[in-house]
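Labels for the chains are A, B, C, D, E, F, G and H, by order of writing; each one numbers its residues from 1.
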Amino acid sequence: MNENGLREMLEAVRTGHLGIGDALRKMKSLPYENLGFACVDSHRHLRKGFPEVIFCEGKQTSQIIEIARKLVADAGNLLATRAGENVFTEFRETFPDARYNRMGRTITINNQPLPERPGLVLIVTAGTSDIPVAEEAKETASIMGNRVETLYDVGVAGIHRLLGRKDLLWRAEVIIVVAGMDGALPGVVAGLVDKPVVAVPTSIGYGASFSGLAPLLTMLNACASGVAVVNIDNGFGAGQLASVINSVNLSGK
Amino acid sequence: MNENGLREMLEAVRTGHLGIGDALRKMKSLPYENLGFACVDSHRHLRKGFPEVIFCEGKQTSQIIEIARKLVADAGNLLATRAGENVFTEFRETFPDARYNRMGRTITINNQPLPERPGLVLIVTAGTSDIPVAEEAKETASIMGNRVETLYDVGVAGIHRLLGRKDLLWRAEVIIVVAGMDGALPGVVAGLVDKPVVAVPTSIGYGASFSGLAPLLTMLNACASGVAVVNIDNGFGAGQLASVINSVNLSGK
Amino acid sequence: MNENGLREMLEAVRTGHLGIGDALRKMKSLPYENLGFACVDSHRHLRKGFPEVIFCEGKQTSQIIEIARKLVADAGNLLATRAGENVFTEFRETFPDARYNRMGRTITINNQPLPERPGLVLIVTAGTSDIPVAEEAKETASIMGNRVETLYDVGVAGIHRLLGRKDLLWRAEVIIVVAGMDGALPGVVAGLVDKPVVAVPTSIGYGASFSGLAPLLTMLNACASGVAVVNIDNGFGAGQLASVINSVNLSGK
Amino acid sequence: MNENGLREMLEAVRTGHLGIGDALRKMKSLPYENLGFACVDSHRHLRKGFPEVIFCEGKQTSQIIEIARKLVADAGNLLATRAGENVFTEFRETFPDARYNRMGRTITINNQPLPERPGLVLIVTAGTSDIPVAEEAKETASIMGNRVETLYDVGVAGIHRLLGRKDLLWRAEVIIVVAGMDGALPGVVAGLVDKPVVAVPTSIGYGASFSGLAPLLTMLNACASGVAVVNIDNGFGAGQLASVINSVNLSGK
Amino acid sequence: MNENGLREMLEAVRTGHLGIGDALRKMKSLPYENLGFACVDSHRHLRKGFPEVIFCEGKQTSQIIEIARKLVADAGNLLATRAGENVFTEFRETFPDARYNRMGRTITINNQPLPERPGLVLIVTAGTSDIPVAEEAKETASIMGNRVETLYDVGVAGIHRLLGRKDLLWRAEVIIVVAGMDGALPGVVAGLVDKPVVAVPTSIGYGASFSGLAPLLTMLNACASGVAVVNIDNGFGAGQLASVINSVNLSGK
Amino acid sequence: MNENGLREMLEAVRTGHLGIGDALRKMKSLPYENLGFACVDSHRHLRKGFPEVIFCEGKQTSQIIEIARKLVADAGNLLATRAGENVFTEFRETFPDARYNRMGRTITINNQPLPERPGLVLIVTAGTSDIPVAEEAKETASIMGNRVETLYDVGVAGIHRLLGRKDLLWRAEVIIVVAGMDGALPGVVAGLVDKPVVAVPTSIGYGASFSGLAPLLTMLNACASGVAVVNIDNGFGAGQLASVINSVNLSGK
Amino acid sequence: MNENGLREMLEAVRTGHLGIGDALRKMKSLPYENLGFACVDSHRHLRKGFPEVIFCEGKQTSQIIEIARKLVADAGNLLATRAGENVFTEFRETFPDARYNRMGRTITINNQPLPERPGLVLIVTAGTSDIPVAEEAKETASIMGNRVETLYDVGVAGIHRLLGRKDLLWRAEVIIVVAGMDGALPGVVAGLVDKPVVAVPTSIGYGASFSGLAPLLTMLNACASGVAVVNIDNGFGAGQLASVINSVNLSGK
Amino acid sequence: MNENGLREMLEAVRTGHLGIGDALRKMKSLPYENLGFACVDSHRHLRKGFPEVIFCEGKQTSQIIEIARKLVADAGNLLATRAGENVFTEFRETFPDARYNRMGRTITINNQPLPERPGLVLIVTAGTSDIPVAEEAKETASIMGNRVETLYDVGVAGIHRLLGRKDLLWRAEVIIVVAGMDGALPGVVAGLVDKPVVAVPTSIGYGASFSGLAPLLTMLNACASGVAVVNIDNGFGAGQLASVINSVNLSGK
């Protein structure tokens, strides 16, 4: 309930159309529903521009479907992340128009596509093993209304691969860079452009990568300007952050 | 040297106005100068929209002034961070129009102010001890051409202080949130708005804050969408990232 | 053996009813029994108000049942935690009146229910994935004689869900708050009430949550007053601590 | 503003005694004042039972005094922690009735003593080096209206020192146990009593104590029931938590 | 080859019974055999009083048997640790007199029992989950010629269980204490006796025990004197260290 | 494209044989091919002396074979690491002349063997469990044109095993030392020779080896000179580094 | 009070020479005195064979002297560790016969020297920087009645220095090995002898030694048998442990 | 004593020119002298090609001078690292021909310069703050007989600075790369050359650089081949390793 709603309600109290007890109750009630195991936050659609996203890990498929049913009814669209193939197989029976991205492990329903924003979101990976995280980011940014392109396997061990695509880097409004091991790529990319770089460390690697700690620290210490770090393997968060950044300065348009 | 310059140079080679040896040398020379101890990167002004910034910690004041002289000659403006008062005292003798922010420990020269961008950058702190980092961010964002407002000491232990200023949160295009100890504020702010939140952990605190590790991890794990994390105590990086984000979708205007 | 017992024994020595050797032996013998692999601490019932609890992980089902038999014989009631379904299947054959909580993975026998304490223990979770830990806490607090209510999935990413239930928060005498990832919820709750908040970090999450380290540190650094932290995923310990707190100031009643 | 206030306000709107604009403004205004560098939270007095406490580290003495002046005017009482002797020297000029605890480094003003709660808060330390943290806890619990006794230097290396004072342990309603190095004392104490034990790790020690990490982990892993852990060296937090626990089940009396 | 051997060899060189080349070769040759994948160190029997011990984890059963064959031929006895049941099943076909300890996961052949040392080695555990590590220590100390007794499940959460067996503690010449979680038991035991305590942290537990880090740090920080720490879960090392300690001051006897 | 190529291209521009647009395109195009999921870097063959190596972990066998096909077509040779037996089984169908090292888990094709360098690369392990990592290093160094010998299971617990082979140590030009647990061997070896020692920590071990962290730190702190550390379990990197070192000072020969 | 005392007391109760109340009080009173800030544990002299030792860090000199006065009165002897020169200067005024070890920073009073045990305690260091910790160990072992010799600066980077003194190693009953950086020396020494090796990591070093963490882990992972690890820089603990070990098997003599 | 010496000694024994006792003593005596606090290892000159180096931190100036006197007498040359200016001031009185590098904090005496090796050692830094570590490396490599050039302040945030000097990179036989913060530079350099890269992390930076842990991990995870990592801030070790590498394949020349 925003300020206008509040104002209207106060007017209804003043004019006697609304009792005080009812007004009190109304002020306390918020538009989320209680499924017993999860408070589905429909309100969020208004507040954040996209319905709640289902993180499937650690949830039973039946729970996922129940939440999905509520969200789709409210918002038309859906994004579910970290969904195994077996989840999707069952899921598709209820939602035949759902789409699955095998690498990114996402399920999407896009019945009411959002209008596409003008700026390009570019997703870059250092290696081929970083692609699943990149694909999660791609699905997230796409369904939230962004134009997305990708540039995979251009890590710093062969810097010429990246330098040969400077044109593409320069066309993007936001760049997501996904990298494991040394995590050096986002800093190099940020040194080449004047747009925000969303850096995603991955847990790819072994030994002293310590499940992604190494690239995480590298990215937090990047010397170039404009590097925004998100959690290890958090392709979803990166796609969402890129989408939020890509909506900056658009409200007046 | 951009593509146009390269094209012109190739034309000069073709027309015989430029010898091949000279062309080779020219292609290798880049517009940075070598002061012996530091490669001053004037080129960066073109590439990143703002001249190189001087990180004063670990540099001698005479070195700082020498670098500053070069940068001011090239770009007119200057930002120096982590500058103690004694640095500024000496600095002012060479640059009488320099300004010092005692809390943020920044020196600025703003002879050729950049045009102000339309979007508002809001800087929020959880406690009073986080203000120095916030002030460093404020000076950085300001000199890079952003309108900045601040909202200090509104941490989650008394959440009503933050909720009472939702209007201000909603007016901003980018929000920098600075917090130490539990570092919970950025996640709460990001849950209230639909704009990017730049989260800055601070080393304020003691014990299990482990010099900022605790709030850093909190912010990386924030459940709300749109949180971009930077290094511990990195007010400068936050200001710069906010500025870069605030320039998104403006190039066509 | 308490002071009274000791006094009586000394009297028996003085009156010659008890030999010195027997007195010495008696003073050393304590009422716990040795099952070979586990010292069952029946004495504990007197000392701590509830019989020893069986932590099933890493024990064979036959061992669990043998310990259970001894404890039930002594105390009538039983709580076993971290019990897989296969443990319960076998367990039920010996104890047909045992009850299993699938989510919380607890087995309970409550033949001699403790008198219920007046104060309410409220259990709150940030997300749905935190519910198993919360259920372990609920079973623990319940069997120890506490009235328990729950409020699940009200994390800080949508703070309105929590604020909408302030009435419930204010009715509780002790609040257990279970949260993974950023672990910010206990600090926010503690800022809203004037009662103790038992904070339980969970290992839910990925990447920089580092198996619960992130929310653990967040909770230890909570700025609000009255936050008591227990081990990661320790729903049992939280329930027990809440129960012990809920018995404060009751002895005179 | 509680529910009653809201109800009265709504009645005033209905009866026309309050304009809608005024009602809106009123609902947003909260009773905290802005000193520019710190939002003094007078409201907290109502919400948490004690005025805000000043953490002096990292604040200038003039700032501390300004905040103190506001708080004393509102609440009569004051607690300032981590205050060096030089802070107190200056402080006393403004507040001649302030009292300083040299070991605990606290400043207190207790003009309007709170009514003393019935239950005893006992503070125990493992060694003599843990006493400063214990004294901070003592001052905190005392000014918040608790009866406090202390039992210092009874660590587990000579367990008979502790066992010899079981009577005192059994008289307390809440026990704060302060320990560095191995941090084993809280677990042993909790095994002897049936009341809550607030465990405070200290950074006392060297080497593998890693500035308090070792006792912190020990306490989180304590096998005995009823152990509530707070941050390293957080005597203040322990005193406050003990006080909040000691108010449980008293509201009806 | 000891000093006497060297002296004899030099005499042989002097008397011409040994050529210089042969002497050189002899000095370089050491009595260990090369099996291709493992240098079996028979020499060790002389140097350390017991033949090399086989750590089975990560070795193929065929390799284990080949090494065992060599060692048994040289020394008569054998100790193999971390041996799964399937290893033993196959092992027994080659060595029918081998004995398996299911809990401790050790295989032993004791054809030529070492003479038993006079001092008692006592092995104590905090909980029942620590018993496997204790059994590994027991087998190790036993086969190395020590009298061993055990006292299991007497952790500090019920300190009376330990205090009730002081007599046994006082009879031992060396005490091995095995404990996970808080790891507090070795420090308490060491405070009660004047003999060396070998402390073994275990990886038993969850959450903030961090796979044994917590009890490891606790033991390294134990305030009582005479605590010798070994690696996490290293029952073998503890048994061996206890055995070496138990041979101190015996050489003259 | 090296300087000569650039010079030739510029000459072609000057003589009109190459248009400016074509020159620009040529300067940007680099000889790597895009397989969709991986940029195969054939260029690398020229730049680094050996074709790209396939790290099989986390790749599908079909992907591995597709990359291999491209690399073998370009360079004739191939090295694939971390390849399970099932990968090799399928692989061999496409590449019948491929060879598999079961312990080292490497696949090699060596159709066009590189000329062998004069210097010897010696590979030493502390224990038998370190051999898989050593074998990976051996295959890597061998296919890159180095003579390799091995000396396995000579750890510091029986230092005589190492000292007995000083002659072999002194014959090598580069020594790779692979060690887990305490990781002390590289430092001891480096103290005996005047050639570079490449130190490889392994994740062999348990408890406080923390998956290789312990030997990694040991090696980084080695007091002897000439120790070059690589990542935990990185046999491939060690073999490659040894090969690169073994090519030093050979270019003029 | 040992069993005999208890028996005598019970006899006095039986014969009526001791009232029951007096008996109860006597059983609870233990011979330690309360100085207000420290429980001086005179009882310990009986229990552990040496009076309590004063750890001076973090104590005021006046406190140290007060504790010392009590201890010297009880036991005649004294050991104070981590004592700065200024502490000793003041200390000497009260105890003119006190002796100061400048490197080891210990104060000793040895008025009633303990009888010397037969076995030799050898103290070995890897470098010269480890000597202060070694000297603390030396003073501790000496005053506790042990013959002590030292062998300094024989680290593994020049292994011949150690191997040249095997005779001395073989003469010792217990060996303390002090080492920082890589901490490899204790494992090498333990491989050469069949007596217990007390390993002391030191915080000497920089970078990846992480204040002693590196050598601590190395020592815990030492492959050789018979290595007993104590806390970083804990020379005192090492001396004490060596002394306790050196008393094994002596009680019957 | 090498094999030849041993052979000659054995011959002397055979011919009766050397008694057996003398032979035994001779074999045990090694050419290092004992200064009481430090075993000066003159032998090392033969073994490792350069006399022992003095690490000044934690040593008294008088000790440093005494060791230096011995080393200079033996070897003519000297390198002392981590030497403060005050050390040098005193040092110069004894050694007037000593030279001081203020940035690198090294003292050198080069009376008998070693013959210069043909290969170039190039030292590269990412920033100006990394120069002190680079200068320590430079002095070390220089006095050990290497030609050294430097390329400072060419970090990846402005990658064109590095790419503009590829010619210099390609001329070097070994490259030392010194970098703090993100530590990304060595991986980028190694991707451009086919020679060994010695990577030195520095503790320059703040926050999540964790005193050099971040760049250390980055370098251990570098994807490019041929990266040899040394300890944080270990300029000396890097110079020495580069020197040892630069002597590979030279013995036959």
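Basically, a contact is a pair of C-beta atoms (placed from the backbone, for glycine too) under 8 Å apart; a residue touches a chain by one contact, two chains touch by 3 or more.
In this text the structure is predicted, and so the values were computed from the model without any measurement.
Asks: Counting one step per pair of touching chains, how few steps separate chain B from chain E?
Replies: 2
Asks: Please identify each chain that touches chain D as well as chain G.
Replies: Neighbours common to chain D and chain G are C, E.
Asks: Report which interface contains more C-beta contacts, comparing E-G against E-H.
Replies: Answer to which pair has more contacts is E-G.
Asks: Could you grab the centroid distance between chain A and chain E? Build each centroid from C-alpha atoms only and quote it in angstrom.
Replies: Roughly 54 Å, centre to centre.
Asks: So the centre of each chain is just the mean of its C-alpha atoms; given that, what is the distance between chain F and chain G in Å?
Replies: About 49 Å, centre to centre.
Asks: From the mean C-alpha coordinate of chain A to that of chain B, what's the distance rounded to whole Å?
Replies: Roughly 25 Å separates the two chain centres.
Asks: Residue numbers in chain B touching 2 or more other chains?
Replies: Residues 47, 158, 191-192, 207-209, 213, 216, 220-221, 225, 231-232 of chain B each touch two or more of the other chains.
Asks: Which pairs of chains touch each other in this structure?
Replies: A-B, A-C, A-D, A-F, A-H, B-C, B-D, B-F, B-H, C-D, C-E, C-G, D-E, D-G, E-F, E-G, E-H, F-G, F-H, G-H
Asks: Given the complex with chain B, which residues does chain F contribute to the contact?
Replies: 3, 6-7, 10-11, 13-14, 16, 20, 23-24
Asks: Looking at the complex, which residues from chain C come into contact with chain D?
Replies: 47-49, 117-119, 173-174, 191-192, 194-196, 198, 216, 220-221, 225-232, 237, 240-241, 244-250, 252
Asks: Where on chain C does chain A make contact in their complex?
Replies: 128-129, 131, 152-154, 158, 160-161, 164, 167, 204, 206-209
Asks: List the residues on chain H that touch chain A in their complex, please.
Replies: 126-127, 155-159, 163, 181-184, 187-188, 190-192, 205, 207-210, 213-215, 217-225
Asks: Enumerate the contact residues on chain F facing chain A in the complex.
Replies: Residues of chain F touching chain A: 28-30, 32, 37-39, 41, 43-44, 47, 55, 57-59, 63, 201, 203, 211-213, 216, 231-234.
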